[in-house]
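The chains carry the letters A, B and C, assigned in the order they are written, with residues numbered from 1 in each.
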């Protein structure tokens, strides 16, 4: 019998007791749960960064995995706690857009407002729903509690700005930088499909921050000088702007949200 | 059959092999042990920070959990290695105060001087008792070794300064900042009981570093301007000084050990 | 039945989804695998740092442990993916020297070029072999796949500079700093055997960066002033240059690769 898998993705950092408390609560309720950290180093309150990282890896986990994602600037306010069933997995966290890119991609999903306090840790603190709401609900799910017992279905969820790129005209597609990773790579929302839409079968260039990038490579260690930025389809399936031995984001002075134009 | 649970809390950081070695030793001795990291990012040699973080989450773990806490500036010197039974759990680490706040809260506890070297990893290095003493003893405990075999009972332990607050007069309670967390929240040793002791049912203000804080909120996202510090009972059960989108510790220039006065 | 143990050691950091993706892939293929993080905070592309940390702890893990080590600046290029059987354990990663110090110490080892793409995650990205090559191969190994199915034996591997020290003359042994740890301790390649080679049974001094260190201690908390650097045999079995409450590397301005001379 395999152990139910619960992943954690938060902005709690690893310096304090927060993550330990969440794991303690889960293992107190279900000693057979297997807990995997995705990351706890999401920049504080950065919902899009959390959304991107979960989007980039949820498909690598087995069916029935329970993903707990807690980047929750609105904790204690009126934002509702949510459970989403989607892609054969479960997603537990605040209704603030953290799961919206996954729902946008998968299309078929069902959301439950977690209002059955019977499954919470009591007393519920006003500041730490990761421990008091989301952890115990995830533990309940991992023990087979039907989602219908956890709350009532809701028809829509809070959404982040769409990941869709925009066709400006036959020669140009507009996208944006959606994430900067540890290596300074700038991940855009452009995909292999956008590249394939180019007439010549390969794009001419990418424009970012007034700079033209004309090198489209297959991998990081490909030929080319160290100080030349290049484009590559990264491991999350998106076009990334990278440099061989430098941080492209710093060198190009590119930040999240910056516009990029793919020229055919 | 559930796996025995062993938590780790150290100042070893996550950059070096230290934590890996500890886990290897535990799993070599007991492959069924389930290991949970509380944190390895305690500031180097900061015993009170370790003590606070363990205090804040040990109750979230199930009965019989074995907590290994190694912040150990005196490693290799005459400080003794300790095992404490308390609150239905086990605590393994150096006798330097790291467990004293838990003992202060629980009152009932029993301490064993770990002197039976049969349970150590040999040769015992002089610099890394986390791997050579505490990890193998925790593994032995997790396999059911009676604590009486591990060493002899001791009557007292090294203690950190008490967490008790001080009633100055009918209108004032004195406490101090005992921890600053990742978000810059200043956790004090004042509790809900101290607040309840106020005549009006709610305190008038908290004074810290010459500044008066008059806002007492229920949660972080509560109404109020962003640049106004406020007090809230945090998730560890202590009164915290916080700000909505800033680090209170930096803005107020407050550090650990700073005195706070609760005015009724 | 105990779970097969897989360790991870990478330079992926803990901020992004990379480590989560690797764990998801492993647990999708083998839900019974037990995954242990050694570290993900190796400085980016720093192969010797990865090699040192694995060398310092692999012996603490049980027989048949599968170590996945991915610091891989040449990902996507012609460097081959490797599996090494050595010391009763398995080592999976790129052929770039990351395992060479272990092979140098153990002498008996066997290396397999992982070219059977049947065991890879498809499509294989050009940028993330940790997820697409090394993780699924490790999962296959953990399920008992014979190494002969994974690829063909190779006769040699890429090697880092040897860890051997050099006897200059009867009175002097030359070594170098091979690692700086979190505490600023400077780990050299000198061992207890080098110390034992001294005529008097104890060395006279160590010279590093023009400075003479004459204090050889048994442990960190030993007597001596705080601002005096000293030598100690550290927990990895090598001579370290340390200071009691300071970072020796910073104070002495010592970096990796710096030459040290042990004077008898």
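Quick note on the criterion: contacts are C-beta pairs under 8 Å (C-beta built on N, C-alpha and C of every residue); 3 or more make two chains touch, one makes a residue touch a chain.
Quantities reported herein were computed from a predicted structural model and do not represent experimental measurements.
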Draw the chains as dots and join the ones that touch; what shape do you get: line, ring, star, complete or other?
complete
Fit subunit B to subunit C on CA atoms, both being copies of the same sequence, and give the resulting rotation angle in degrees, nearest 5.
120
Distance-wise, how many Å sit between the C-alpha centres of subunit A and subunit C, to the nearest whole number?
32
Scan subunit B for residues touching two or more other chains and write them down.
14
Subunit C-facing residues of subunit B, complex
12-21, 23-25, 27-28, 31-32, 35, 44-45, 73-77, 125-128, 131-132
Inside the complex, what are the residues of subunit A that reach subunit C?
2-3, 5, 7, 9, 14, 34, 36-42, 52-54, 56-62, 65, 181-183, 218-222, 232-236, 245
